[in-house]
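Think of it as A, B, C and D in the order they're written, each chain with its own count starting at 1.
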Amino acid sequence: MAWDRNQMAERAAQELQDGWYVNLGIGIPTLVANYVGDKDITLQSENGMLGMGPFPFEGEEDPDLINAGKQTITELSRTAYFDSATSFGMIRGGKIAAAILGAMEVAENGDLANWMIPGKLVKGMGGAMDLVAGVGKVIVIMDHANKKGESKLLKECTLPLTGKGVVDRIITNLGVFDVVEGGLKLVEMADGVTRAEIDSLTEATLVN
Amino acid sequence: MAWDRNQMAERAAQELQDGWYVNLGIGIPTLVANYVGDKDITLQSENGMLGMGPFPFEGEEDPDLINAGKQTITELSRTAYFDSATSFGMIRGGKIAAAILGAMEVAENGDLANWMIPGKLVKGMGGAMDLVAGVGKVIVIMDHANKKGESKLLKECTLPLTGKGVVDRIITNLGVFDVVEGGLKLVEMADGVTRAEIDSLTEATLVN
Amino acid sequence: MGKIYNSAAEALDGLLFDGMLIAAGGFGLCGIPENLISAIKDAGTKDLTVASNNAGVDNFGLGVLLQTRQVKKMISSYVGENDEFMRQYLSGELELEFNPQGTLAERMRSAGCGIPGFYTKTGVGTVIAEGKEVKKFNGQDYILEEGIIADLSIVKAWKADDTGNLVFRKTARNFNPPAAMCGKVCVVEVEEIVPRGSIDPDHIHLPGIYVHRIIQGEHEKRIEQRTVRQREEA
Amino acid sequence: MGKIYNSAAEALDGLLFDGMLIAAGGFGLCGIPENLISAIKDAGTKDLTVASNNAGVDNFGLGVLLQTRQVKKMISSYVGENDEFMRQYLSGELELEFNPQGTLAERMRSAGCGIPGFYTKTGVGTVIAEGKEVKKFNGQDYILEEGIIADLSIVKAWKADDTGNLVFRKTARNFNPPAAMCGKVCVVEVEEIVPRGSIDPDHIHLPGIYVHRIIQGEHEKRIEQRTVRQREEA
């Protein structure tokens, strides 16, 4: 029994420490906000906001208040707004403790690819390259394998990189992995997942 | 009859055009503000203010409201405040149309020295180096000669430079001079001043 | 002669020319200069290079200038949500220079602040670094990025006074201040022009020195992704 | 554990060490962190390098740390109005690195924004350029300036909420935001701590992410040059 999306998000939330400023990427990372519990976490939206609140109630959407995924959101009592240059200043300057991002591929040396598939999908890197270059800790959440059953934890990335040697920890549906000297280290297995399953679905070198 | 301080300031005010944002240095340049008349001029104070107003009435001084000379001032209806990084951003970025500054020496190639006399006077350049490097037009107001009667318009500066080839126009008590190819060009003489007087008090090359 | 103009067309008069570089504020469809974009469409100016984080959607925002083929090149960080953009790019009809979002914002801010180049870790070891100078600081590699100077900036603010002091609202601020800074000329559209002195000088987000022309306009302010939560039943 | 501390001494506890680099906000005596400076004096921390536009006056502001000889080196743009500073500098007791004012502000802002170096025209052809890399952009020379990362930033704001969101007042803003940005740790003193939510999020000048510890203090706010005009007689 591998983790589902919500369980991955719940596991990722455990990585966050009280008082941290955190940036959550689009997709599963967004769900992490549901699991921070009592911890004092301030969410950054890189389009110019600290203290991102939940979606608005119907009828209260404000076109001037969106997140980096262009979704309508709300403000909190701690919220501050600023421009994009300031926003990425704090990202590059290391003021954001952690970013939790999705990925297409991660390599055993921490290389990350999540912004384009040449000739097919060309959406752009948005703020991802700045985030992985600047924040304190880069945590990736993604499925362990793609739809064809091929490992997304690779010896080397095949897609254009978002960042080189930038990933610290990977949370997949099968478990938790750290980027260490020589490869990836299995930190934790999802309930009911066996080491044999992980070995068979992991191309990257697993070290102890 | 050479110009006095106020006449020099009055003459300098003629350089300013309607709609300009202008930075005035400490000393005689400050007096220029008294002569702008109907022109729509916005004064910048490089410590973080556009729209600098006159000195406050007695009893209305605000310690949080000073100019770059640390003098108490007032705000106007057009005033905006900002931080020092933003302030010098607009200076370096060429948004300020003109700066009017005092000087110790100006050379015929536009070199300016106004920030230190080695071993004697070491106050620092403050914002002067940024201003001369960044603003649209640099206008110097100064006495034509020093107290010993030696020309301050030189072939080459002897003091450490504030900027290299940065001065556009010089207004002295004797007249108005432009920095042009090959030397300084006499643009205007103060009332009652003769060309012979100017020649005798000018070390820099005067060209026609 | 003040800074206030009666219409977008009037405010752009004399500023547009084929092949020019325009910096546009906005993020997605939030805080975009809707009226100025329309006026550029109407003017028919061609071969534009546009520096903007996104390119709108197919029929709104900068997307309309892609539909009319007025844009030769985009400098952007994200082009999703715009099928026509993707199609023109993949078919080679449109040039696209991808910039990381923070690099794009800083390139605008830098140019406006008289900084022609700066070093950043963003993009080191990726295609973004190709052809760029690399320099080590404290043993780490950084790449040189250059400022973007625009012939024209088009910007959307919430309020302006007649001297051009601007106030933005919530996340509609985004790229508007850096875009305003990097333009040789900056034209701003606002929802409301207020008398000078009515904005607290400590609440001004961008001083009027960056603003050359202002119009008051109507704004559709279209929402790109309407997301809501349910009210709990009482 | 929140960001609010009871005193300057408490707020600096564990952050001070001999030989450290401190970035201080303020311009002249305007917007200076009076209470934090006093607490550093009391702590007796030595061999400080202080990046600050000015060094106060003889017996106020950073001047007090010069009197106690706690400062080894100043990074400043202007040192007038401080006889003790001039004396120590001219006699070689104090190191002084002159920075043009805008370069100093940008070096702080840059470091806080992850930019280790930037190019500027300021100082080209002067002693400031000596030993610095020169690069041409568009045919003009620019010099490379590096970011200043401080071990500690000391900053004065007008108001803070308990999450550290800051508001400054008039020209007391000056170097405080860039100084705050460049510190590994930033301690702020304010005139008033207000509840979160009581500052409009569009009026915040510096978001709390830059602020680690806050104290509320009493401020003398001494005026350096009291200049006034006469009221016209009625």
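Rule of thumb we're sticking to: a residue touches a chain if its C-beta (ideal position, glycine included) is under 8 Å from a C-beta of that chain, and two chains touch if they have at least 3 such contacts.
None of these values were measured; they are calculated from a predicted model.
Chains that count as touching both subunit B and subunit D, per the definition above, are C. Here A-C and A-D are compared, and the pair linked by more C-beta contacts is A-C. Distance from the centre of subunit D peaks at A, each centre being the average of the chain's Cα atoms. Subunit A and subunit C have Cα centroids separated by 27 Å.
Work out the mean CA point of subunit A and of subunit D, and you get 36 Å between them. Once the centre of each chain is set as its mean CA position, subunit C and subunit D turn out to be 32 Å apart.
A separation of 54 Å divides the Cα centre of subunit A from that of subunit B.
Annotation for subunit A: residues 75, 81-82, 88-89, 91-92, 133-134 touch two or more other chains. Counting partner chains per residue, subunit C has residues 106, 109, 113-115, 120-121, 168-170, 173, 201-202, 205 touching two or more of them. Applying the touch definition to every pair of chains gives A-C, A-D, B-C, B-D, C-D.
The residues of subunit D lying in touch with subunit C in their complex are 106, 110, 113-121, 135, 137-138, 142, 146, 167-170, 173, 201-203, 205.
Contacts from subunit B toward subunit C in the complex involve residues 18-19, 21, 42, 44, 50-51, 75, 77-82, 88-96, 133-134. The touching residues of subunit A, when paired with subunit C in their complex, are 45-49, 54-58, 60-73, 75, 81-85, 87-89, 91-92, 111, 119, 122-130, 133-134, 160-165.
The touching residues of subunit C, when paired with subunit B in their complex, are 1, 109, 111-115, 161, 163, 165, 181, 196-197, 201-202, 204, 207-210.
Those residues of subunit C that touch subunit A in the shared complex are 27-31, 53, 76-81, 86, 89-90, 98, 100-103, 105-106, 108-109, 120-128, 158, 168-178, 205, 221-231.
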